[in-house]
Every structure is written in structure tokens, then in C-alpha cells.
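First the structure, then my questions, so here it is.
Order of writing sets the labels: A, B, C and D. Residues in every chain begin at 1.
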Amino acid sequence: MMPVFIAVCGSDAEDASVSAETLLTAEHIGALIAQRGGVVVCGGRGGIMEAACKGASQAGGLTIGLLPNNKDEANAFVTVPLATGLGMQRNVLVVSTADAVIALAGRWGTLNEISYAMIQHKPVVLMAGTGGCVDELVTGHLMKPAAAQVAVATSAADAVEKAFALCQKQ
Amino acid sequence: MMPVFIAVCGSDAEDASVSAETLLTAEHIGALIAQRGGVVVCGGRGGIMEAACKGASQAGGLTIGLLPNNKDEANAFVTVPLATGLGMQRNVLVVSTADAVIALAGRWGTLNEISYAMIQHKPVVLMAGTGGCVDELVTGHLMKPAAAQVAVATSAADAVEKAFALCQKQ
Amino acid sequence: MMPVFIAVCGSDAEDASVSAETLLTAEHIGALIAQRGGVVVCGGRGGIMEAACKGASQAGGLTIGLLPNNKDEANAFVTVPLATGLGMQRNVLVVSTADAVIALAGRWGTLNEISYAMIQHKPVVLMAGTGGCVDELVTGHLMKPAAAQVAVATSAADAVEKAFALCQKQ
Amino acid sequence: MMPVFIAVCGSDAEDASVSAETLLTAEHIGALIAQRGGVVVCGGRGGIMEAACKGASQAGGLTIGLLPNNKDEANAFVTVPLATGLGMQRNVLVVSTADAVIALAGRWGTLNEISYAMIQHKPVVLMAGTGGCVDELVTGHLMKPAAAQVAVATSAADAVEKAFALCQKQ
């Protein structure tokens, strides 16, 4: 049976506003996805992406990194590094190849991925309390009209549970 | 001298929440861009895009439509219809080919284009009072950290003035 | 009525094997396309592309340059410079936006565009005697199975005549 | 250590000219890539792609399918199905994500992938005697100027040996 592919989206390592706690949450999310037999898909770089890959790979899971340009951009926990050559336009592939998106913290690239998920009618789980654009979306009105496609999670376990549940509803 | 390319982004004709007044504002924006020698770039379809193209072409300006798939998707006021074959992924080209973005109303595709503009460090002018994701961005906190790159406009003339001014600052 | 868009594909200015005569042929082709009311589409850079744009723009025609990255890559005769941000992957857009392709000389990028034209079932006119990959295709067997979609031309006038004729057949 | 990614390119199942022997060669190539610890990258569909994935997955290797649109387009032997949403424009990703390309038989899509490999300076191994565009390239002059980047193979073992050797030279 085909495994479920969950995109984990969020800030790269250059975003100094991401807390150590948020990185641990991302790592926990990666581990839980792998424990349920899911595959972690991400942009393959540092920060949230690296944390999710670390958690998943240490739990024995597969991690796919859709890299902007070259394979050497991949973090150490990407098991399948894909050098797209598309620069930031590789974002759309993170979403296209996933069955659902879990987002933490994040800046414009994360907002870009969330908007692609909405366009493609993919479920989006917003991790509350992680700051960045994700918390703005949790507290603001922008996502309200799409309540059926969007969930807010309050823990790593809650996020993974909701992502898998929303995949099954589709 | 190279003309300024202004992207006009917003809902297509399927978004019933767009008011007649907002469409008139988009048409006025198109006309003002053309009168200043600018080129209107857009996704080439109906709604806000068609209104902006109508205003620009009736003022003698050039309008470029970056279409999802085929040339026959173009509205009647596109002078240069470009069939990208990229589907909704053509959004990034609307932004890449523009010097600044003016956004009205809009749903996920418009949010997607605004996020690309932020990633590419292109100026964004949000037209207040037009509803949709644009008004959520005007009233919410999401764009606040990028105040230097983003302006809020209260009339068509204000929007075009701010878009050209922000282009020159770059 | 919608104008016909003809892509003119071939070597950029870095290909030292392109003869002055071939550049003149490309310029003549551009002029003839414009005189028939057609639009020249190309990659927007030097060499064959610049020659075709020069001919077309001097004949009062519109020339569209689909540039790899930035507008300042455009040759001086591009009237609509489109900065795609796609690098060499913008090749596909040259083909997608055209109704037919005329190819002269050329290296791997030109072969790439010709292969896209074949995939998209767009007519291809190969300009004989211009060297490069185009002459290899004229004299070799690779294009033989697609005779209905491909024509060989022996002069600029012949190339433009055949490109317009093949567009109408579609 | 990062595994070597080898793209196997060639006709899909709709190309009736592909012989059973050529399919067996593709399967053998897939198996040999996997036995050397390499990853098979391909377009994920039938024909040559399926044969290569079959060989690799039965030898315990990883196979990545970069699919035009949806995951259900994948052949049964793709272990990592990636739904790109790019249609035929996903070809470039097959090449971008690979360290070298082995091509068998093939039509315009295969020629497209080979031209991308040449543009990206990736090694190309042409499998002689498999028909299609690959044999035209083996017997014609088109690839001659790029002799250092291109090899002709006469057996599956020869192809895989040359692909790995050319990767190491880079």
C-alpha cells in the first residue's frame, strides 16, 4: 500500500525567531509521521525542515528533500535528496508531492506553500504557538473561510493525528 | 527606456464576492498604469484581471496575460496572450515578470502571488476595501514585518502612484 | 483577430560557429514574420534571437523575449521582456507560447526547444544550411517519423511561408 | 555517503516499437544500478521506466518516479512516487535530480531529457541497438561534438559501468 506523504513546512535556519521548543516540536512531528509509516516531504534545508527530517529518520522513516538547486544543500537527515534546479519555485513541488501539509512558524516561503496547498485542495494543519506566519494564520481571519480543509493543532501528536485524519477524509 | 511592468492580481470571474465597485477600481488602475506608460501584467483571465486589462487597453496600453494553459483562456483585453502550459503554477511568472504588484480582493491564488512577491522582494500594494484575502492582509498582522515593501492604497490613483514610487526606490 | 506567434530558436551570441549569413537569415525571418502581422517569440538573448528581434522590430512588429532571469538580459530589440526566473527551464515557455517554431543553427538549448515542440505537436521549420543541431536534424533521420509536423526551409521567405502554412493546418 | 542517482530514460508503454529485449535490458540496468547502491530516477510510468524500476526494486533498490500529475500514474515498482503536477515539463526534474542518464529507445520526451542532460553537463549513456531516438543519436552526428560527456553502451552491464564511471569523473 502506498504510504502517506506529509509535507512539513516552516522556517529555514536563517529565521532567528524560531524557538528551540518549536524545533523540538518539528522533530517530534517527524518522528510521529515515521512511526505511522508516513513519509516526510520538505524543502530539504535547515531549521524546521531539518528538525522534521531528524525526527523521521531517527525513527527509521523516509525523508524526501526537494532542494532548490543542488544535492549538497540537503540537511544531514534527508534520505532522498532531489536537486530540482528550480530555486524557490521548488516550493510548489513540496505541496504537489504531499497528501497533507503541517506548518510551523514560517515566513513568506511557508505562506507560499500554504497558499499552494489551499489551491490544490490539500489539508493544512497549522501548529499553534510556533510564531511566524503560521501563528498569524491561526489568530487571524484569512483561513476561516476554508475551515474544512484547515486544522489548528496544539501539540505534535495532535498535528500528526489531524494530518492523517484529514488525508483519509479526502 | 524600458517600461514599468505592474502586475494586477485578484479574483477571477468565479469569485462572486467581488463587487462591481472593486471591478471598476481594477479597471481604473489598469487605465492609470497605461497612462503612465506602464504595462499591465496579469494571469490573463476574467474578473479583476479582465477589468485591469480593459482599463489599460482602452487607454492604449499593452496588457500581458500569462495564461494557465491555452491562448483561448485570455480575456478580450489581453494584447499579448502567453499560453504557459503551467496551470496554476503560472502564478509565479506573473510576479517574476513584474516590477511591482497591485492586489485587489482575491483568494488563494492571489495570496500565492503576494507571497511570491514577498519572496522576490517586489513591492506590493494592497487595495483596501476590496474584500477577499487582500482586506484580510490590510487589517491583519501578517504583512506588518515587511512595511517597507508593502503599501496600502485607498483609491486607484493612490495604488498606481504607490506602485510606481515603490518601483523607483528599488 | 489573434496574431500568430512564431518562435525563432537558435544559438545565442556565445556560439562562434554561427555565420554572419545565418544571422542575416534570422533577421530576414523576423522581418517577414512582422510584415505578415505575426509576433516573434524567443529566448530574448543574443545571436539568432537578437537577429530575429532586430528584423521584426525594425519592420514594426512585436517581439517577446522570455528571459532566463532578469529583464536586463534582453537584447535591444525585445519589445516585451519577460523575466521568468526559470533559468534554462524557460525554454519550454518559448515553445508553449508559440504557434510554430522556426529553428536555425543551435546547440542543446535549441534541440531542447525542438523536442518540446514535437511533444506539444507544434509545427517545426528547420532552416537548412545554418549548421549546428538544425543541420544535423535536416540531414539525419531523427525527425523523419514526424514528416507532417516538420518542414525544411531553404530561405527566410520559405521558412516563414511554411511556418504560417503549418499553423493554419492545425 | 550520498548514493548515486541514475536516471533511466526511454519510451513509455505506448511506444509499440520497443522490443521485449529492450525492456529486459532496461530491467537488467535497473537491477545493476541497485546492486551498486545506486538509486533509479525516472518519469515513473510504464515501458522502459517500469522495466528499470522493476529490476531495481527486485534487487532491493530505491526507485523514484517523478510523475506528470498524480501518484496513481506510478508503475507498480516505484518506491517513491512524486506527483509533480507539471505534466510533461516534469522531464527536466528527472535530469536535474540525477547524476547521470542512461537512455534506451525513446521518442521526443527522451530526446527532451537527453537535451536537458547536455545543457546541465550531466553524463549521458546511449544504449545501442534499442531503436528510437537513442539509436538515431548513436548512429548520427548530433552528439559527436560532446564526446567527453556521452558514451555508447552495448550491454546493460556496460551501460551501468559507464554511467558510474562518468559520474566519478565529474
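In this text, contacts are C-beta pairs under 8 Å (C-beta built on N, C-alpha and C of every residue); 3 or more make two chains touch, one makes a residue touch a chain.
Quantities reported herein were computed from a predicted structural model and do not represent experimental measurements.
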{"item": "Taking each chain's C-alpha mean as its centre, the one farthest from chain D", "value": "B"}
{"item": "Of A-B and A-C, pair with higher C-beta contact tally", "value": "A-B"}
{"item": "Gap in Å, rounded to a whole number, between the CA centres of chain C and chain A", "value": "42"}
{"item": "Intercentroid distance (Cα basis), chain B paired with chain A, Å", "value": "29"}
{"item": "Multi-partner residues of chain C (each touching 2 or more other chains)", "value": "85-86, 89, 92"}
{"item": "Touch-based graph of the chains, sorted into line, ring, star, complete or other", "value": "complete"}
{"item": "Of chain D, residues touching chain A in the complex", "value": "2, 39, 62, 64, 71, 80-86, 92-93, 96-97, 120"}
{"item": "Chain B residues touching chain D - in the complex, by the definition given at the top", "value": "85-87, 89"}
{"item": "Partner chain C, residues of chain D touching it in the complex", "value": "88-89, 92, 108-109, 111-112, 115-116, 118-119, 133, 136-137, 139-142"}
